[in-house]
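Labels run A, B, C and D following the written order; every chain starts at residue 1.
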Amino acid sequence: MFINFLKKKSTQGYNLIQNFTFTIVKNIKKLEELVPQVRRDILRMVHGVNSGHPGGSLGCAEFFVVLFFHVMNSKNQFSMDGEHEDLFFLSNGHISPVYYSVLARNGFFEISELSTFRKINSRLQGHPTTHEGLPGVRISSGSLGQGLSVAIGACLSKKLNGDKSIVYSLHGDGELQEGQNWEAIMYAGSKKVDNLISTIDYNKQQIDGSTEDVLSLGNLKKKLESFNWIVFEVDDGNNISNIIEVMDIAKKETKKQKPIAILLHTIMGNGVDFMMHTHAWHGKAPNDEELKNALSQNKETHGDY
Amino acid sequence: MGTTDLKNYSFNEKIDTRTGFGVGLLEVGKINKNIVALCADLTGSLKMGDFKKNFPERFFQIGIAEANMMGIAAGLTIGGKIPFTGTFANFSTGRVYDQIRQSIAYSNKNVKICASHAGITLGEDGATHQILEDLGLMKMLPGMTVINTCDYEQTRKATHAVANFLGPVYLRFGRPKVPNFSTEIPFEIGKGIKLQNGNDVTIVATGHLVWESLEACKKLNKKGISCDIINIHTIKPLDEDIILESVKKTGAIITCEEHNYIGGLGESIAGFLSKRKPTIQSYVATNDTFGESGTPRLLMKKYGLDSETIVEKTIKLIEKKNQLSSK
Amino acid sequence: MGTTDLKNYSFNEKIDTRTGFGVGLLEVGKINKNIVALCADLTGSLKMGDFKKNFPERFFQIGIAEANMMGIAAGLTIGGKIPFTGTFANFSTGRVYDQIRQSIAYSNKNVKICASHAGITLGEDGATHQILEDLGLMKMLPGMTVINTCDYEQTRKATHAVANFLGPVYLRFGRPKVPNFSTEIPFEIGKGIKLQNGNDVTIVATGHLVWESLEACKKLNKKGISCDIINIHTIKPLDEDIILESVKKTGAIITCEEHNYIGGLGESIAGFLSKRKPTIQSYVATNDTFGESGTPRLLMKKYGLDSETIVEKTIKLIEKKNQLSSK
Amino acid sequence: MFINFLKKKSTQGYNLIQNFTFTIVKNIKKLEELVPQVRRDILRMVHGVNSGHPGGSLGCAEFFVVLFFHVMNSKNQFSMDGEHEDLFFLSNGHISPVYYSVLARNGFFEISELSTFRKINSRLQGHPTTHEGLPGVRISSGSLGQGLSVAIGACLSKKLNGDKSIVYSLHGDGELQEGQNWEAIMYAGSKKVDNLISTIDYNKQQIDGSTEDVLSLGNLKKKLESFNWIVFEVDDGNNISNIIEVMDIAKKETKKQKPIAILLHTIMGNGVDFMMHTHAWHGKAPNDEELKNALSQNKETHGDY
């Protein structure tokens, strides 16, 4: 129960813990403890409305936990401009469940609000949006392929403002089939956008099947390097220590005239045995029986919403 | 004012329009071997699986690259293929407007752009996916035929009609299950369908709003208001005659569509009536807002796209008509 | 019917609207250091060179990648920048509709989409570049402000207004040199401008058609027809009051725009009049065709966008009005 | 004067030289002789309407001459479907002057029609289009970045039809900044579209300056290879023998499970000294004086239109 009170942020006037000294949680065990709770949130949110995207969300649970509880340097109070704090953009907006869970657990809004996911009049839209004013979200996504351009724009804005913080982004691997990504990849590589760390959720799955079958990405590392990016590859992207390590290294490589990509090999549906290693749960909710089974595999560590 | 004997439209099942497309596509694929299909990683959602299974060599999985899909479709016509592209309505139109414009419409290529999950009834995915501007986008393209079907059977028939039609077509359908009532009703591109005869008001409806307008008609009839109900499935070219004839009789028109009132069917009708016979009009459409997540039914209610809204707006419209004529 | 004393609009020079943008951009750039500019390999055509020269660190050359440009612009707003994007109108709208929709309009980002070479007066490059649907595209987006300026001075002023306005804006201007007559006329977003007072017909014009309508007015006046001339520079939000007041007086309206009659300003006006006061209307606009190569002047004549066409259509419209009222 | 009568093609009922045995002109000298005439056409067309794009057109004169008079296997009568003949798609439609000149000189339509370029009611639109029914043109272009997708579609159509001929396409180097190209490049590479030979007019110039300054393409060969393409590079792409050689080699590499790209290093404005090596003449017409100078550098070899 410790983590969701670490920081309280909001634009809506919740009780704020002011003057809270920002603490980077270095304790891997504690991060690991949070993961099953995030998985439970994802599963229960998606089950609750019988729609949404558990597969990609589960595969990125460890990444989000590390990013928000360990890596990013952010302020207590959420502001759209995010000056002098690290920013994050989710390009593959369909994995909103993991984003919302971690935002809530990180204090951006009340955990209880997770129960409104995808319901009418909610701030937790099917895909993340600024339109309803949810703290933590700085751009709408859902239509794939647009997030990298936005992240680059934020990088340029930071440079103009003399703001040394870093911009993070996350993208699906199937999403990289969208051409706008390659415009942005070319721009960032050629124009030396070096305050950017973009992670690819490299789960090798998309809606219609494996990415290999649908439209192979071939050698993605080679591709990105040919566009002048620094590329790190993490073989087990569901391992917290690995993620911490690569993010620490990546951070040190910023400000060196090149954008940074992290190919995070993840397992879609990670943490729920019958959802793993398949595209089947990309956008399908578990039924009651399946939910029970899935939850039994993940302990309630921080209290369900 | 007065009631009329209503035609009764019944249905055996609720079924989604996109399944009508999937079934139709398989059928036309069997008839004409020049028909090919392309999909951008949404084969199941578009119900193209059966076509793919039966004609694997005529099915092209493009990946998540809609612009490329439109260009490839245009190229496939060279050599005589008849390509049907499939993805959600937003990614079929807004995402690829310039590609459709240049490589398909201006190049006059025989491509059938088939778009599922149109409008707000897409539901839980929310506003980024709920395009409410696609009819407007496609109607502005010279040479484009624009169709929005209302149920399973109309969609299946439209798929056949479109396969036999020469020229670019935008075929719009949706996600939710809706009453399948038009089994006995023929379908012809560009020809509106008179569903009910009445005198007090003309109700023009397209897509999912057709069933709502039939429901509204029943309720209005009980209140002593009789309605002409016209199903305009072809937004372009528009069947002006059937509308003109009706408004000459009723003197008031209400247009019903799952679309922004700006730029949609309603404005097209106001546009042509303003030239021929200016008529008081009311709009059942979204009110220049983005959509949001929710169940289709709740969203139709909240955004004023249900039969209740049609009833309310019709009553107000008739009041306005009477005020105007008594002036 | 009757003639009126016409206001005289004179000009010292013909100059392109895009130069008004370029000059305005430099001016606002000097005033507000948060203003940044982005261009997709058309710096000269967009007249952004002076901004680039004066503020090299605030100018972003994106290359030929308009989708990326829109996304980068959206991202730049985070941290307080006010991005002005510049490319031709087609590549500012149709090419990037979904990007504008999601990353700018739905995200409510303070981006100014500045579009040159709009419409058929782009001239010799031909149809692929002559977008006649951009007003329709942009007006359908919730929250988008849509402006089409008529001369150098109005464009310069609009650039200032847009810089001071909070929210996404589409600012449309053109390529050819046109009379610069509105030096003394103030500009306010959303506020139509009454240029002439008359009683027989309301002429609403936007963009390059404003000067044509003033010319037409002179000719019509000589024929004993007096015109209300309204410059609607803001297509959205539309100044409904100024139009309504005028048509209440004249009983007939002609809308003039360098755009497809489908989906443009004319349909917006027909749409709102059909709710408030159905009025006989005539359209000076392109007739649902693609454009072609040619000089701006010859094209305006061939596609019916010149003062002669306005005169002809006005005369016919008044005949129709009289027929209707004598019924 | 021999070349413009080699083939007469049209859909409009011009006099056709029937049963003409298709002759591949192997004589490099004769191809070279045609080039100054094509340059004259380009210059005079653009000058005549004081608009259009001489720079890229001049740089590709040799390529077009070789492609249409040596490489492509096409029929006497133009048909949209182009069954069992090689096809060509021009993606960078702004260099229409060279396309029109070579089409006319190759018999697709009357040479005199070149005088209608960019004038009202002409079939020779500013950018090539099918809309006015000009023989030789199978797609409209002008808005950049769309042609490769179309060419791939034609390749797929040929494969379905058991048609062994080859599809050729041409693209600007600046044009490759458009993301749709990379969608198409990924598709062709991953799906093994191997009846395609795409040439890049690698002149390193675009409208606002050098491609290096505007948005560098970096190592283009490495990029394309990382997308699974076979890449040939021609250092002097204005040399007829070089072009013939590379096209012959490329043809032999088709049907080997990979698409083929040719990086044709050309000189923008080639053949007119004051137009060479600069982006200045990308889209600017010469005035009377400049035209005279330019023409004086290029002999009338086949008769001006």
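The rule is short, and it goes like this: a contact is a pair of C-beta atoms (placed from the backbone, for glycine too) under 8 Å apart; a residue touches a chain by one contact, two chains touch by 3 or more.
Model, not experiment: these values are computed from the prediction.
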Grouping of chains that still touch (sans subunit C): one piece
Chain at maximum distance from subunit B, centres defined as averaged CA atoms: D
Chain centre separation (subunit A, subunit D; CA means) in Å: 46
Whole-Å gap between the CA centroids of subunit A and subunit C: 42
Length of the line joining the C-alpha centres of subunit A and subunit B, rounded to whole Å: 37
Junction residues of subunit A, two or more chains touched: 129, 131, 140-143, 177-180, 183, 186-187, 215
Shared-contact residues (touching 2 or more other chains) in subunit C: 62-63, 65, 67-68, 90-91, 95, 98, 101-102, 106, 127-128, 290
Interface residues, subunit A side, partner subunit B - complex: 49, 51-52, 93, 118-122, 124-127, 129, 131-132, 140-145, 174-175, 177-179, 206-208, 213-215
Subunit C residues within the subunit D interface of the complex: 39, 41-45, 61-65, 67-68, 90-91, 95, 123-129, 290, 292-295, 298-299, 302
Residue numbers on subunit D that touch subunit B, as the complex places them: 80-83, 87, 89, 129-131, 138-143, 146-158, 160-161, 163, 179-180, 183-184, 186-187
Touching residues on subunit B, where the partner in the complex is subunit D: 36, 57-58, 60, 62-63, 65, 67-81, 83, 98-99, 101-103, 106-108
Subunit B partner contacts - residues on subunit C that touch it in the complex: 90-91, 93-95, 97-98, 101-102, 106, 127-128, 132-133, 136-137, 139-142, 236, 260-263, 266-268, 270-271, 273-275, 278-283, 288-290
